Amino acid sequence: MNWQVYLSGEIHTDWRDRIAQGTAAAGLDLRLTAPVTDHAASDAAGTAVLGEQERPFWNDHLGAGVNAIRTRTLIERADVVVVRFGEQYRQWNAAFDAGYAAALGKPLITLHPPEHDHALKEVDRAALAVAREPEQVVEILRYVLAA
Amino acid sequence: MNWQVYLSGEIHTDWRDRIAQGTAAAGLDLRLTAPVTDHAASDAAGTAVLGEQERPFWNDHLGAGVNAIRTRTLIERADVVVVRFGEQYRQWNAAFDAGYAAALGKPLITLHPPEHDHALKEVDRAALAVAREPEQVVEILRYVLAA
Amino acid sequence: MNWQVYLSGEIHTDWRDRIAQGTAAAGLDLRLTAPVTDHAASDAAGTAVLGEQERPFWNDHLGAGVNAIRTRTLIERADVVVVRFGEQYRQWNAAFDAGYAAALGKPLITLHPPEHDHALKEVDRAALAVAREPEQVVEILRYVLAA
Amino acid sequence: MNWQVYLSGEIHTDWRDRIAQGTAAAGLDLRLTAPVTDHAASDAAGTAVLGEQERPFWNDHLGAGVNAIRTRTLIERADVVVVRFGEQYRQWNAAFDAGYAAALGKPLITLHPPEHDHALKEVDRAALAVAREPEQVVEILRYVLAA
Amino acid sequence: MNWQVYLSGEIHTDWRDRIAQGTAAAGLDLRLTAPVTDHAASDAAGTAVLGEQERPFWNDHLGAGVNAIRTRTLIERADVVVVRFGEQYRQWNAAFDAGYAAALGKPLITLHPPEHDHALKEVDRAALAVAREPEQVVEILRYVLAA
Amino acid sequence: MNWQVYLSGEIHTDWRDRIAQGTAAAGLDLRLTAPVTDHAASDAAGTAVLGEQERPFWNDHLGAGVNAIRTRTLIERADVVVVRFGEQYRQWNAAFDAGYAAALGKPLITLHPPEHDHALKEVDRAALAVAREPEQVVEILRYVLAA
Amino acid sequence: MNWQVYLSGEIHTDWRDRIAQGTAAAGLDLRLTAPVTDHAASDAAGTAVLGEQERPFWNDHLGAGVNAIRTRTLIERADVVVVRFGEQYRQWNAAFDAGYAAALGKPLITLHPPEHDHALKEVDRAALAVAREPEQVVEILRYVLAA
Amino acid sequence: MNWQVYLSGEIHTDWRDRIAQGTAAAGLDLRLTAPVTDHAASDAAGTAVLGEQERPFWNDHLGAGVNAIRTRTLIERADVVVVRFGEQYRQWNAAFDAGYAAALGKPLITLHPPEHDHALKEVDRAALAVAREPEQVVEILRYVLAA
């Protein structure tokens, strides 16, 4: 059916690979997209091209601007947005992406362990499915894309 | 000018009161709105009316649904959305609101201490101002609403 | 807060009155709107003005057109849409209104007895709350509209 | 012309096959899409992946969420939405889809026997054609897609 | 209910007055709006302020621009758009307004004698009611605005 | 550049052919679309499939519904809409299409002889070009699509 | 009629006052809005509240952010946007506002001397009227707002 | 990833070529689009086809109309809009395009020397990146389009 699925959020575990392998093994007709997941490259996305600023705040600002060119476009193109929250870090950009996708009316799947359930209740309420493991996301996509 | 300003995020400090007092003292023609900030009432928003479920996940789901009736409507009515991130907790709902507001094209002001700058860089990039103290938000609103 | 709440669906029981009395007793700042609930008047909405046709199909078509002038406008103006499914009749127009409201992004509350749960699962999934009694709708609105 | 036509509603008769055969025989350049029409698979869409819950209500809720990922996306992609109402069952999801499609401005064709005319008058009023037999839908598509 | 009704089209008969008198007599809570109906003033709307041009085409262009400031704004504000086609003239601007209103999803009522039925079939198909006399429009508005 | 150009309006002269030949000769990468231009087939679009009604009004209504499935979809897909007004007939559907396209923000080109200038001034004001001959439309498209 | 008119652009002459006086003298029911026109205050809108940065670029960035909270909201609220280009300065923000308003579908009036005609041809083409003097804007508003 | 990037603004230097060469050398999967950059052809876009008018104003008006058919369509199709401001000329159309793109929510990159920073602060504030050299735009696109 040729769907595009955006994988937002945590970049420290192999969840994107597991979804990629699972959907490839299932022969699904979809394209997985994502932010730049190389942490150092992502942090330097602005300064590497536009130059270092005096304050870290503006360095971050430059980087976030360049990354947003990619992420907003890919979210708007996506048919489904999957947002992963991991065990660590604040991951506010993941929640921001979820809110952004929700306001655009994109079908949302969240992926996180149960210990975050209470803290993520507003995000999960906006989702059409809450998964615990990447393989569950694969199963959902397999079902959704069935001929 | 009769603006509506939605105050999203952290509910454990007096930042909303400080903005209310400051804007009242300045005589600004605006209405401040917010989620229900009584933590216990907010958590029970679903179960108190619709009944306890077997799993905490569904209790949260009920509560988040009822709260969303309020928060989404107020965000859509808002002329400006202020999102506050405090020192504690994960506050994913604040980041979700910021993403939701950004996708709707609402002017966004974030309010948080500098130690969250790096973690909030994507949210801040979508904002038109990043404030550190509630009084700065008052000043911005005073300027913005000048006759 | 001055909200508008559209009450769609079943017209044979007193559920609208119970919501009106409950919200009035609670002193809520809202306006309740509804389709024309006089069944005979509603069925004759087209033919009484535009004339009888040879076929019942076109009589219905005329009536549904005139009623839609009212219902679509009120749904678009509504901050919240409540849709009631009763014990009898097919009530496809109620489900149609629910779908219409959902596509517009309106917060949706459904109201129906548990025996319809399975048949209404798609409609309920699009709702932010599923109530069983009109008084629960009143409670939700009381919470949502709290100062 | 490469159109996409979504076939919503009743899943117990062969109407989708008859449309598929008719449009194939006519050599029309279109793609027919539909919800998952395997009733058991559709009902289990949530629980099979995300686990059984204590209450049937939440099992339905999980399933409806997963199905909505598919159905909303396909309705939004569709150039034309056909909604079929059969002799049996309440079929509220069909009417919900019709309302959803109507609010998105999708051209709508309904397909149902005359005995449902009065009950479906609001849905039919939102449609650009009301057909009785799948072959009439084929004829309409043949005309609409003529070079 | 405080509705706004835009009365587009023919400016040579008293149909707007008849609707104004009828709705006033019925005590309806609505506001009637319209283009400038003084034909000479309307034709001179551009040139009177911005000056005569060498070609009638540009005179018309100036006038149509100034008139569009009024008409587009009023159509977008309207809850209902009534479009009247009279016995004479080409009245393309009336049909243009009808198409404009239809694309915005405004409920449309057309008003014209039966001899124009075939020529107006596309316009009428987009309308929710086709009236023959201004008093029928009054009756429809009375029904639609019933408490 | 792969544009789609919708050719609306008058069906009695060869203007569509002249645009087709001119753009083909120029090797432009565009697709021309149009309503069904076989007058008899278009008038019978509804009744041929859905049956004759007692009144001509409803026959027209059926036909206009089926034709609208095609025309609205093609207008929404179009990058440019050309609307032709000929010497004869009332052509209200052409003006309706122009209004519909204008409200959608589609670039509009009108094509008509100067004697209609005053009557078409509102339509022309919404257009980005007013042409007199089909060959001028070809020239405009050639310029617009230049690499 | 209660319209809101946003006056964008040049801040060095008395054109806003002349429009204010003219529309007040004419007794028009409208509200004039504008950016903050105190040049020094506008330039310091960011730094006065949020602090001086190392680079002028970021000082401007802060100021432009705070000003945008006001200007975007007022443009979105406006029924008509008037954009004035004066004799001096580059006034790119005026052209930016014009483009922003045009994309939102706001009726646009430009106001500038003839020597800028060629340089402003794209902006003027998006406008519904091009005036030379503030009094002409007053005349247009008087006409547009006529009862 | 198959993106479309619209290059708006200054037409007197080789900046478009440098971006074209850089992105081609990097093997990026994108399509660069632009207005017609042949100055004489662009100025004559209207008059060459539609005829000379008595006043330069209307000649410009005709040309700007024809050019807008191209530019608005390409901006709406673009995933990213780059706007270049050069050393000379007023370039109001570039700022207009930037405002238009911003209101559509298009990711915006501006390209200009530092001496324009203050005058372009509102435009730059709406951009996600401010570049000084075409090669920086290439670098940003390379990053954004990374697999």
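Each chain gets a letter, A, B, C, D, E, F, G and H, in the order it is written, and its residues are counted from 1.
In the analysis below, contacts are C-beta pairs under 8 Å (C-beta built on N, C-alpha and C of every residue); 3 or more make two chains touch, one makes a residue touch a chain.
In this text the structure is predicted, and so the values were computed from the model without any measurement.
**Q** Just how many steps, at minimum, does a route from chain E to chain H need if it may pass only between touching chains?
**A** Minimal hop count between chain E and chain H: 1.
**Q** If we look at chain C and chain F, which chains touch each of them?
**A** Where chain C and chain F share a partner, that partner set is D, E.
**Q** Name whichever of E-F, C-D or C-F reuses the E-H interface, so over half of the contact pairs are the same residue numbers.
**A** The pair repeating the interface of E-H is C-F.
**Q** State the pair with the higher C-beta contact count; candidates are B-G and B-D.
**A** B-G
**Q** Report the inter-chain centroid distance for chain A and chain G in whole angstrom, where each centroid is the mean of the CA atoms.
**A** Those two chain centres are 40 Å apart.
**Q** Report, in whole Å, the distance between the mean C-alpha point of chain A and the mean C-alpha point of chain H.
**A** 31
**Q** How many Å are there between the centre of chain C and the centre of chain H, using C-alpha atoms for each centre?
**A** Taking the average C-alpha coordinate of chain C and of chain H, the gap between them is 49 Å.
**Q** Chain B to chain E: how many Å between their CA centres?
**A** Comparing mean C-alpha positions, chain E is 43 Å from chain B.
**Q** Pull out every residue in chain C that's touching 2 or more other chains.
**A** Within chain C, the residues that touch at least two other chains are 65, 68, 105, 125, 128, 130.
**Q** Can you list the chain A residues touching chain D in their complex?
**A** Touching chain D: residues 1, 3, 79-80, 105, 107, 109, 127-131, 136, 139-140, 143-146 of chain A.
**Q** Given the complex with chain C, which residues does chain D contribute to the contact?
**A** 56-57, 60-61, 63-65, 67-68, 71, 85, 89-104, 114, 116-126, 130
**Q** Hey, which residues of chain G end up touching chain A in the complex?
**A** Per the stated touch rule, the residues are 53-55, 58.
**Q** Quick one: which bits of chain E touch chain G in the complex? Just the residue numbers, please.
**A** Per the stated touch rule, the residues are 33, 36, 41, 45-46, 48-50, 62, 65-66, 68-70, 72-73.
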